[in-house]
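This report refers to the structure that appears directly beneath it.
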Amino acid sequence: MSKSNTILYLDGVSVSFDGFRAINNLSLVLDKGEMRAIIGPNGAGKTTMMDIVTGKTRPDEGEVFFDGQVDLTRHDEAEIAMMGIGRKFQKPTVFESHTIEENLMLALKGPRSIFPALFHRQSPAEARQIDNILGIIRLGDKRREFAANLSHGQKQWLEIGMLLAQDPKLLLVDEPVAGMTDAETEETARLLRDIARDHSVIVVEHDMHFVRELGVKVTCLHEGSVLSEGTLDFVSADERVVEVYLGR
Amino acid sequence: ADDTIKVGILHSLSGTMAISETTLKDAMLMLIDEQNAKGGLLGKKLEAVVVDPASNWPLFAEKARELISKDKVAAVFGCWTSVSRKSVLPVFSELDNILFYPVQYEGEESERNVFYTGAAPNQQAIPAVDYLMSEDGGSVKRWVLEGTDYVYPRTTNKILEAYLKAKGVAAEDIMVNYTPFGFSDWQTEVSAIKKFGSAGKKTAVVSTVNGDANVPFYKELGNQGIKAEDIPVMAFSVGEEELAGLDTKPLVGHLAAWNYFESVNTPENKKFIANWHKFIKNNKRTTNDPMEAHYIGFNMWVKAVEKAGTTDPDKVIDAMIGVSVPNLTGGYSTMMPNHHITKPVLIGEIQADGQFETVSRTPGLVMGDEWSDYLPDSKDLISDWRKPLSCGNFNVATGKCGGKGTN
Amino acid sequence: MISGRFFAAGADRRIAITIFILLAVAIIVPVLNLAVSPTSAFYIPSYIVALTSKYLCYALLALSLDLVWGYCGILSLGHGAFFALGGYAMGMYLMRQIGSRGVYGNPILPDFMVFLNYKELPWFWTGFDHFWFAAIMVLAVPGLLAFIFGWFAFRSRVTGVYLSIITQAMTYALLLAFFRNDMGFGGNNGLTDFKDILGFNVQADTTRSALFAASAVMLALAVFITWAIVGSKYGKLLMAVRDAESRTRFLGWRAENVKLFAFTVSAVMAGIAGALYVPQVGIINPGEFEPSNSIEVVIWAAVGGRGTIVGPIIGALLVNAGKSWFTGVLPEFWLFALGGLFVAVTLLLPKGIIGMWDSWRGNVRALRVASLTEEAGTEVGMASAASKPARSPARNPGEWSLSGPEPQAAE
Amino acid sequence: MTLIRTIGLTLLFLLATLSSSDAGEADLRAIIAKFATAKGFSEIGAVVHDLAATGDSLVEHPLSALADGNLYIREADSLVFVGKEAGESVQLFDPLSSEASGEAAKDDVAKIKVNNTLRRVIRDALGTLTLGAKDPAVRLAAAGTMFKTPDAANIEPLDTAIASETVASVKALLEQARAASVLVSDRPETDKLAAVALIGARGDRDAVSLLTSVDASASGAVKDAATATIANINSTLALWDAGQNIWYGISLGSVLLLAAIGLAITFGVMGVINMAHGEMVMLGAYTTFVVQQVIRTSFPGLFDWSLVIALPLAFLVAAFVGLIIERGVIRFLYGRPLETLLATWGVSLILQQAVRSIFGPTNQEVGNPSWMSGSFDVGQLAITWNRLWILVFALTVFGMLLYVMKRTPWGLQMRAVTANRRMAASMGIRTPWVDALTFALGSGIAGIAGVALSQIDNVSPNLGRGYIIDSFMVVVFGGVGNLWGTLVGAFSLGIVNKVLEPYAGAVLGKIVVLVLIILFIQKRPRGLFALKGRAVEA
Amino acid sequence: MLEVSNATLHYGAAQALRGVSLKAGAGKITCVLGRNGVGKTSLMRSIVGHHRLTSGSVAFEGKALDRSAAYDRARSGIAFVPQGREIFPLLSVRENLESGFAPLKRADRNVPAHVFELFPVLKQMLGRRGGDLSGGQQQQLAIGRALVMRPKLLVLDEPTEGIQPSVIKDIGRAIRYLRDQAGIAVLLVEQYLDFCRELADEVNIMDRGLIVHTGPAEDLDRADVRKFLTV
């Protein structure tokens, strides 16, 4: 298989924790500009896969390449993030003692070393971008609120906002609509489709409506490896997927 | 108010040194009470000003400054560790006041504003070693110099090493070892002593182990079965107060060198102990050498103030020299021109009741020698604060004041 | 931007006021000490000058600690070490200035080296006869130690208690090392008996006043620098690292460098504090490395209010003034008073003096806003801007939260 | 002098073994009376010799009284008595018959002074005197003494004793004592070589000591044999030394473990940065002191039980104080762990000063019960009883605690509460109870640690301060929140420390240990037994 | 069974609940819906005793709970599955379940069989640390843990969040089972409309700190009700 046109390339990846195999010989390829939905039972290894891609977890074996040539296993979280891989966490993790605005400011794309940060002054372009994102995540009226005071769903949105601010080449989105209303879910799907126009995206979700809205290729993981892959209809027709995941 | 004369008491009442210094604070309060009962001084009552420098050396300096500048004391009695003394020295010379320092120390100092009523090394360490070398002391041939790692033990041991070598002791018969402050696990050290002592020569330990570390040291000695008959330990920092925290039965026969023991049988001492027990309302509280030093120092100061007719420090400093007062061991101690005093040196053995039994005593009084004769750079120095010399470090070789006098 | 912020309202105005007060004090106190007759009611006695000046050095130390602790969540239990190292660097200079005025009259060797039989000056003492060299060392030694220490520790992702305890181990090891006479720093007695600084007698009132002014100005400068750091984007980042270190990594920030910079700057500040302190108290000895000293610094910052700039200063001044006062008036019972004060502050003023002041003021304002709007019949935003959750130090996970009552797992 | 002694001892021994002591009591009394006029240690020493020379077993009593400093002279009539101090007076007993002979005020009697040299003389004299004693332990001690003070004149009495000795261990020692004496005699070389071999077989430090002195004076084959034997013994001793250092390390480890284990609860489990932990240890030590004080004044017979009695009391006292601290202060600070540092620091200052105000600033005496005193040998390892008991005790406490934490509902609730107090409450766990009891448990354990530490350290208001840093180091080094970590951490720090100490010295050794801790934490940033898993790897 | 009347709650000066009244009856499933940040979680937390109401009251089985602590509420039969799971991360799965034993009599201290039937994965993972489980597994554990307490009132705050579809179905079945067999009251906060529609006996819609609508599940299809749930 050629890596050249891929944005993300996982081959034969395995990882275990205290003897428990969370990822088992997983291979997954994402082409440049592609959006992919990943589903799978709880504990299938979806989040762990993202951990591996973002450098949080080191695989025991296997290859992980970004953009066709960068071996991600040789880089740490910060380097990987700077290469252009952004992530939204399953459990929203924001900077609680910063305001919404400051959270976004820290996420904004730009130089990541100390001295520029020390002498940084916000440019009008940055200000516009923050305004823009605030609009998208509908937290404009709370921009000066501390993130600690947000409800669960609002934090989810802020996370998405931070991801947008990073403007990465590859977005890893872990359960973005958990805790959102149906309307918001639709909104989010629209947003992701928008983004996917010029970014590569991996979305993990359990909400089948949402996955359907996305309308992209679906991969179903189970016990750390790919169980089924194809269109949503194809995957959800797969007996094994119904058995372990969708239920009857 | 002006109808009292204030006396500063600068001893730690908290922190690591409280264990030793608090007693001295109480002793001073007692002495001041007694003086007041006798009618005070120059017709005025004495008033003690107590502060707590809390075993914190810079705080000593701050409190000294406060006593002198704010409370306007006539003299200060205080300090225990050398570093606390070093810390307050500049304050005393800057503000020209008087400090009475009651603890045995390493010497190598003589300041105009300080009177040293504790022992210099020659008033404690040298006679102690002499005793051990004598037949009575067991004709010791092999020496362990065990100390806490700080300046007093280091200097004392330097002096002792030089002295022992001068007496023909070979280098391999001297073992020097240091442990940190508050050291509590002595297993290795005690067994090393045991090992060193099993070379077939009579061995003794000279201990400059400080304060807190002593109790676990002696407990370990007892437990490892090191008996005084086999390897006696001669201590310079272990007094009645330290022994009060120990079951001394296994330690009977270990030694200490001081200028005073509570067990000394003189009328002055009996009276002193009785007063102390009355004052502190506890018949079990012991007395010790630094207390006697304060007793001597305080009485000297009283006498000097009376002689000078004023508490003005400059006048008192001049009047101090030559003042002679009874000590508690049945003689008189005199303030010498080097601001050190004359003292008898007593060697005592620990008894089962936590007291020392005097087993040897220098025939006469020993004059404190501030500049050791056994250190190359200080052997030519003397101190004489009498006019016209008025110098703490006069070099007899060059005939100049100021150390080497190279300039 | 800076100047704009500087004269703005609120917290920033407080910084301006603080700096102003410090600069004013730097002028007024020396004048009242030197130029006013001792009988005058306005006269400030020298010992008060010396005392306050010492507190200012402590305040600078507390501020330096707060930069890493309050703003970056690095609870250093070894900041006293940087202070002491700065102090030693200055002390070495002062020792060399004694020249042949020492008791042994040796023009090269300090007294303690003479009686410990040193034959020549150890190599690491070279250069300290120059003030400029010592001044560089005051900055370089603590800075370098912090840099090396931090480089390894932050890279290895040592955090929380583990970091705190190794900083404590560091200061403890230095304490023991400096105790050793063989180290060549005067052992337990340290360095004393200073005569001049830059040719001026250290004991002269004018020198003291000058040192006082220097301490006050230096503190003012440190306040300004801290404020500038904290207010910058880097400052926000610092706090973000404090609250969710791993999250900053996933945003591409090198958390270890963020911390390293603050730690090093802070150590340099602590070193300066030590260097100013030593000529004023007249001694530097290993006691300054005592782990309990470093813990006390933490306590000053906590009492004043951590995560603020003025808090640690107020805390340091207050606790030390309290200590000076209590040890004088209640020599036997002052530990009860001080201990009681610490307990009371934690219970009654959970965010320290400044923090409490703020939330009290904040609440008053917020409540007023709330009631006004309700009266006006307008809707209150769910969490109105007036509510100040405060950049609360307490909610500081991943730090001393061990089994993680508030785990911040980035799942 | 040696001559007198030789003759005396030989005579005496012969007489003693024949148990036909008829030196005449009157003669003995006459000699004893000479103590009253003896001046200085050498004259007293001469009287001791005279007494010993009588060979009468009756003299054992006055001689051991003298060695213990219990021999008095009544000033009024210069009569010599064995005295027993009782308050301000001294009870007098006849030196030979031990009959009570009234009392005297302390001032009316003079104690006969002894010094170390004299004590040694008496010990030697008693050694020979007791060679024929009934009690094998006494004979063993006598043989031991004679081994250490070899003398050609001892050979014959020893020969006799060996011939009649029935207890194997005593016999062996007697033979070694004889060999030692042979070496200093003018016996033929073959005898001496045999003696060197016999002594060499002991293989201990005493053998080296003896052979070294022989080595210095001997010549020829004996010298060579001695040198070779010394080298031989020393090389095995070096191995034993290593073992000894490990044992020291283990015993230091047990002390660290004891000191830290309470903290492993209050800090490790509850997350309270408990700066007052050391003061809890101190309270335990003071409880021991008070218990012993009461026992000394009211129930002297119970002294050996004092620690057993002190243990539960110390636990209760410290636990109670802990309970008050938790209810009064800590409980307001959950979720604000850093502020517990400030508050408990305050509490520790208060407790320290309170103890200082109540008991005074000086050390208090806590004695060792007899079963905690002295030492025994395992091969060439000297193991002191107090260290051994402390080790056993520390492991027992650890085991019990582990059981409570892992196997009881309380332990589970404790861990749940500290993990998430609010959620634990919603599971129906009475969090205030659990908090209070957990803190009390940790404090109580610190208290019983104090009982043990009172056996080896100062009992002073500063006691706690000495342990707090080490305790935190151990808990953190081992991995916070993991009891096994505390155990392994304590022992590894203890052993590393003690293995380094003989080479680096105590000061440098400690510095090295601290640096090692710093480096180790770089390798394992969450301690030895790091808590693992997603939750902690934030 | 549970009655909340006129509850108000402030966070500092911000008001999160502005006079909420709500009832949840035994043997019924009562649903609370609403957009993000309208105060659902705040309401649940007030009911289980994590927040103290500024005013208003909560009564359970006729007794006012306002003064009782969270653990007393739990002991009187209220179990809580919080948003964000809040399982004890360092406790094993077994221990997490056993933490629910506290209010039970000694004889009852066992994990009911239906917990493992419902969530078989928990049985496989009994020995693992709770914190290591995947998000969805943790959610299952949180529900299982609440069931161990044999509650009379089960308060669930978005229990389906992050759970795979088949298990959501199981949870629905379980909730129904509990209602029908054990007759317990269920108070359910949900965003997932279908789930709610299927289960609820009664729905309450919240908006900006108020309950703006109460009615049967069918109401969810009404436009005037839906408007509270759209953006």
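By written order: A, B, C, D and E. Residues from 1 in each chain.
Criterion: a residue touches a chain if its C-beta (ideal position, glycine included) is under 8 Å from a C-beta of that chain, and two chains touch if they have at least 3 such contacts.
Predicted model, so just to flag it, every value in this text is computed and none were measured.
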item	value
Touching both chain C and chain E (chains)	A, D
Geometric centre: closest chain by C-alpha means	C
Identity of the chain that, by mean CA position, is farthest from chain C	E
Distance from the mean Cα position of chain B to that of chain A, given in whole angstrom	74
Centre-of-Cα separation between chain D and chain A, whole angstrom	65
Mean-CA-position distance for chain D and chain B (Å)	30
Gap in Å, rounded to a whole number, between the CA centres of chain D and chain C	45
Where chain D touches two or more other chains at once, by residue number	352-353, 415, 419-420, 465, 481, 507, 510, 531, 533-536
Touching two or more other chains - residue numbers and ranges from chain A	17, 47, 90-91, 149
Residues of chain E engaged with two or more neighbouring chains	11, 14, 37, 89-90, 131-132, 135
Parts of chain A lying in touch with chain C, wherever the complex brings them together	47, 54, 56, 76-78, 81-82, 86-87, 89-91, 93-98, 102, 105-107, 112-114, 117-121, 141-142, 144-146, 148-149, 162, 166, 174
Of all residues in chain D, those that touch chain E in their complex	409, 412-413, 415-416, 419-420, 422-432, 481, 531, 533-536
Partner chain B, residues of chain D touching it in the complex	41, 68-69, 85, 111, 113, 115-117, 119-120, 123, 205-206, 208-210, 212-213, 216, 244-245, 248, 251-252, 255, 352-353, 356, 360-368, 373-375, 382, 384-387, 455-462, 465-466, 497-498, 501-502, 505-507, 510
Residue numbers on chain B that touch chain C, as the complex places them	13-14, 50-54, 56-59, 61-63, 65-66, 69-70, 81-83, 86-87, 89-91, 94, 108-109, 149-151, 154-155, 158, 180-181, 375-378, 381, 392-393, 395, 400, 402-407
Complex interface listing, chain C residues touching chain B	45-47, 50-51, 54, 100-107, 111-112, 114-117, 176, 179-181, 186-190, 192-194, 202-203, 281-283, 285, 287, 323-324, 327-328, 331-332, 334-335
